[in-house]
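Heads up, the next two complexes both have chain A, just with different partners, chain B and then chain C.
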Partner chain A sequence: MNDKGMIIAGLIIFFTIFTFPIWYNHGAAAPPPEPELSQKAKAAKTCVEDTAYMRTEHMHLLNQWRNTAVRDGLREYTGKDGKTYEVSLSNTCLDCHSNKEQFCDRCHNYASVTPYCWDCHTYPKEKM
Partner chain B sequence: MNADYLSSLIAVVVLGLIAYAGVAMAGLNGFFGVFVPYLALVLFVIGFTRRVLGWAGSAVPFRIPTTCGQEKSLPWIKQAKIDNPSTKTGVVLRMFFEVLLFRSLFRNTRATLNENGRLSYKWVLWLWAFALMFHYCFLLVVLRHLRFFTEPVPGFVKMLEGVDGMLQIGLPVMRISGVLLLVAATLLLLRRILLPKVRYISRPADYFPLFLIIGIAGTGIFMRYFTKVDVVKIKELTMGLATFHPAMVQDGIGALFYSHLFLVSILLAYIPNSKLMHMGGVFLSPTRNLANNSRAVRHINPWNHPVKVHTYEEYEDDFREKMIEAGLPVEKE
Partner chain C sequence: MKKSRREFLKVAGITILGAGAGSLINGVSVLSAAESGRKPGLDFFKNSDALKAKRWGMAVDTRKLSDEICEKMQVSCHQLHNVPDFIKKFGKQEKRHEIKWIWETGFEHAFTGRENEFPRENLEDLPVVVTCNHCEKPPCVRACPTQATFKREDGIVMMDFHRCIGCRFCMAACPFGSRSFNFRDPRPAIYDRNPDFPTRTKGVVEKCNFCAERLAVGKLPACVEASEGALVFGDLEDPESDIRKLLAENYTIRRKPELGTNPSVFYII
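Let's turn to the complex of A and B:
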């Protein structure tokens, strides 16, 4: 038996598939996204929690807000700094972050995240 | 307690801690984030190629397929065309079922002594079920990780993510394959630890990869659902790796990510030197990929030494006259 040709062909196919990320990106990394803050968000300086927390935990917080507002009817959230906010995606979050395309979508698209917020909520018209 | 699995468990925990401490305390982000993954990749590619080429150079002079059914015989005897193939098509089908559906595990039996002290064999499907679950979940998890290595993320990855997260439990959405991978790896580990006969034949080389994969799945799940990490910064790093423009992301990524990456690097470098090479070896097993046609085709050992023979006719030619003189019978006068 001499299957060397077939084995080497198999090896080449394997490494072609294995190196998919290398040849798919043509060796150039797309620049990381920079979410843009709207004027109102800039003026507010801080979100309901600090930036680092919001960056990694916002989805978890939104999930909590959804549960407390929709299931328990509690519409008040007190942040770590003691300020109280209305628990509402449309009225609180989107009030400042009214620019979905420049804010939400940039990172979500980059990290391939498809949040299902917009299955129920409508998002405001883009304004800066 | 058993030294074989305890040592593997300790090894994996220590490896995870090394990367965690290295980043959190010594600030070795570049070492664990760039150097180690590239080193692992090089070791994997070279090691994998060497192993496969080594097998390609091995001698397989004769047909040694395991015969798991009736071989091709007289026309009225039904042949098991997949379990004892005699044609190339049969072999391709056999390999297809072996590689994608683990047909040989499906035949798994367990030998037990029944109440009367008689040996009996029972068809046991657990290993096959856990193995299927484990391998396909692992495949899905690996494919889903392409979202960190491609920009824009290809459609099939998004589709897989959608299917994988269809239960919409929690936020970030729970991915079914990740949880099932951890469950399946744990079940395969418990099988080795709890069944005495399997434990008897299990060595550190069996436990270590299982603990390693449990460690990888565990750190991954922990990062996604519990102690969050900055995904955008991680993608910046991984995209840098994939495009050979390594970006030095100094801070913002949790040290747990480096534990995860380090364990993955260890796994990658470990594959060519371990039983995990079955990912390449399954295609090359002569007991599976050869047609059983030894009775129809004559297979001659290709390196048989050419033997110089001296036939009787030649012998008679040499000694005919002396034989006739001595009165011995000859074939040609």
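Let's turn to the complex of A and C:
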């Protein structure tokens, strides 16, 4: 039992290092991202669905879009408001949201998600 | 209070019934919530201009084909679908990684059966253009472990690039060599990229899709448009279609019919 001091000191050092990320970042949370709308998206006022739905569910909607377009060959979508859109990431979504860096990337970077859409699909800046 | 067995069973029975009814009510409310909430996927439909068929097929009139037309068809197809040209980009040694959707080949390569020892004169000099045969019984579809390759209701054998894991079972299964694998990133080798069609990534198999994206907006496949009449495209199940009339009037052969895949591409020789 002579090592009591050593053990306690060791434990203190261990927990300090172990919890370092928590107390180091405490109160210094990165500001939440503010995706910017392009002029065209602002003018359109609404996306294919309402904003709240798009904010939380756009990834599911996009998955649904890709499956119905590729697998079922259904390439038109009618939203809640009765407007019809072409089911296409590059031609419909990015036609309005032409500012990928300010719109898509800001939130995706913040949430640390890396969707692989752009490995294949083209976004406007990239058009050659 | 001492409970009799009878009373205990009564209470137990009522409790169970109550619990059952409770979960039922719960279930119904969940169901109705799902119905009142947005359910994406109910509002999709086909473009009204889309060309429809029960089974798409193509007839190649080799009498009208020439090397120039074959070249033209390939260029228009490959440009439209962002098919990389590794040979142009990296030189001849990249031939082994070549990606092709439609290409010209020798008669003896297309028709390997060699049924006739003494064929018609010049028969084997005919230009032949080959592509995916969109078989009625596609072996690639059976081989695909992820259903990335699938057969649509209109007979087109499609690739869902999102799902392809690059195992290449389909390439081993296809008896026609219609499939190409992206051994390297295709993007640097794509000249004049078409922004309306996605590219592929490294590790994905690709092939002809009978221009499903053009049929969806009422256009014929790009190769058919570029073919100057050498290719005829239409519904094989419709006896009144142009392709059926052409097949009725001419003798046609198909590639490797003995394998029983029932190709949908016919050759007039």
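Here is the rule we go by: the second predicted complex is superposed on the first by the 108 of 128 C-alpha atoms of A that agree within 3 Å, B and C clash if a C-alpha of one lies under 4 Å from a C-alpha of the other, contacts with A are read in each partner's own complex, and residues count from 1 in each chain.
Here is the rule we use: a contact is a pair of C-beta atoms (placed from the backbone, for glycine too) under 8 Å apart; a residue touches a chain by one contact, two chains touch by 3 or more.
These figures come from a predicted structure and were not determined experimentally.
*Asks:* Which of the two, chain B or chain C, is in touch with more residues of chain A?
*Replies:* Higher number of touched chain A residues: B.
*Asks:* Considering only the touch criterion stated at the top, classify A:100 as touching first (chain B), second (chain C), both, or neither.
*Replies:* neither
*Asks:* Does the superposition put A:76 against chain B (first), chain C (second), both, or neither?
*Replies:* In the superposition, A:76 touches chain C alone.
*Asks:* On the A-aligned overlay, A:10 touches which partner chain: chain B = first, chain C = second, or both, or neither?
*Replies:* First partner only.
*Asks:* Taking the superposition on A as described, I'd like to know which of chain B and chain C A:68 touches: first, second, both or neither.
*Replies:* second
*Asks:* Which of the two partners, first being chain B and second being chain C, lies in contact with A:29: first, second, both, or neither?
*Replies:* first
*Asks:* Once chain A of both complexes is superposed, is A:112 in touch with chain B (first), chain C (second), both, or neither?
*Replies:* It touches chain B, and chain C stays clear.
*Asks:* Touching A:40, do we find chain B (first), chain C (second), both, or neither?
*Replies:* In the superposition, A:40 contacts neither chain B nor chain C.
*Asks:* Using the superposition on chain A described above, determine whether A:57 touches chain B (first), chain C (second), both, or neither.
*Replies:* The answer is both, since A:57 touches chain B and chain C.
*Asks:* Per the definitions at the top, what is the overlap between the chain A residues touching chain B and those touching chain C?
*Replies:* Overlap of chain B and chain C footprints on chain A: residues 57, 60, 116.
*Asks:* Touching residues of chain A toward chain C in the complex: what are they?
*Replies:* It comes out as residues 49, 53, 57, 60-61, 64, 66, 68, 70-80, 87, 90-91, 116, 119-122, 127-128.
*Asks:* Sort out for me which residues of chain C touch chain A in the complex.
*Replies:* 38, 40-41, 43-47, 50, 150, 152, 154, 158, 160-162, 192-193, 195-196, 198-201, 212, 216-217
*Asks:* What residues of chain B sit close enough to touch chain A in their complex?
*Replies:* Against chain A, the touching part of chain B is residues 45, 48-49, 52-53, 55-57, 60-61, 146-147, 149-154, 157-158, 161-162, 168, 170-173, 228-233, 235-236, 239-240, 242-245, 247, 280, 283-284, 286, 290, 302.
*Asks:* Which residues of chain A touch chain B once you look at their complex with the stated criterion?
*Replies:* Where chain A meets chain B, its residues are 1-4, 7-8, 10-11, 14-15, 20-22, 24-25, 27-30, 32-33, 55-57, 59-60, 62-63, 107, 109-116.
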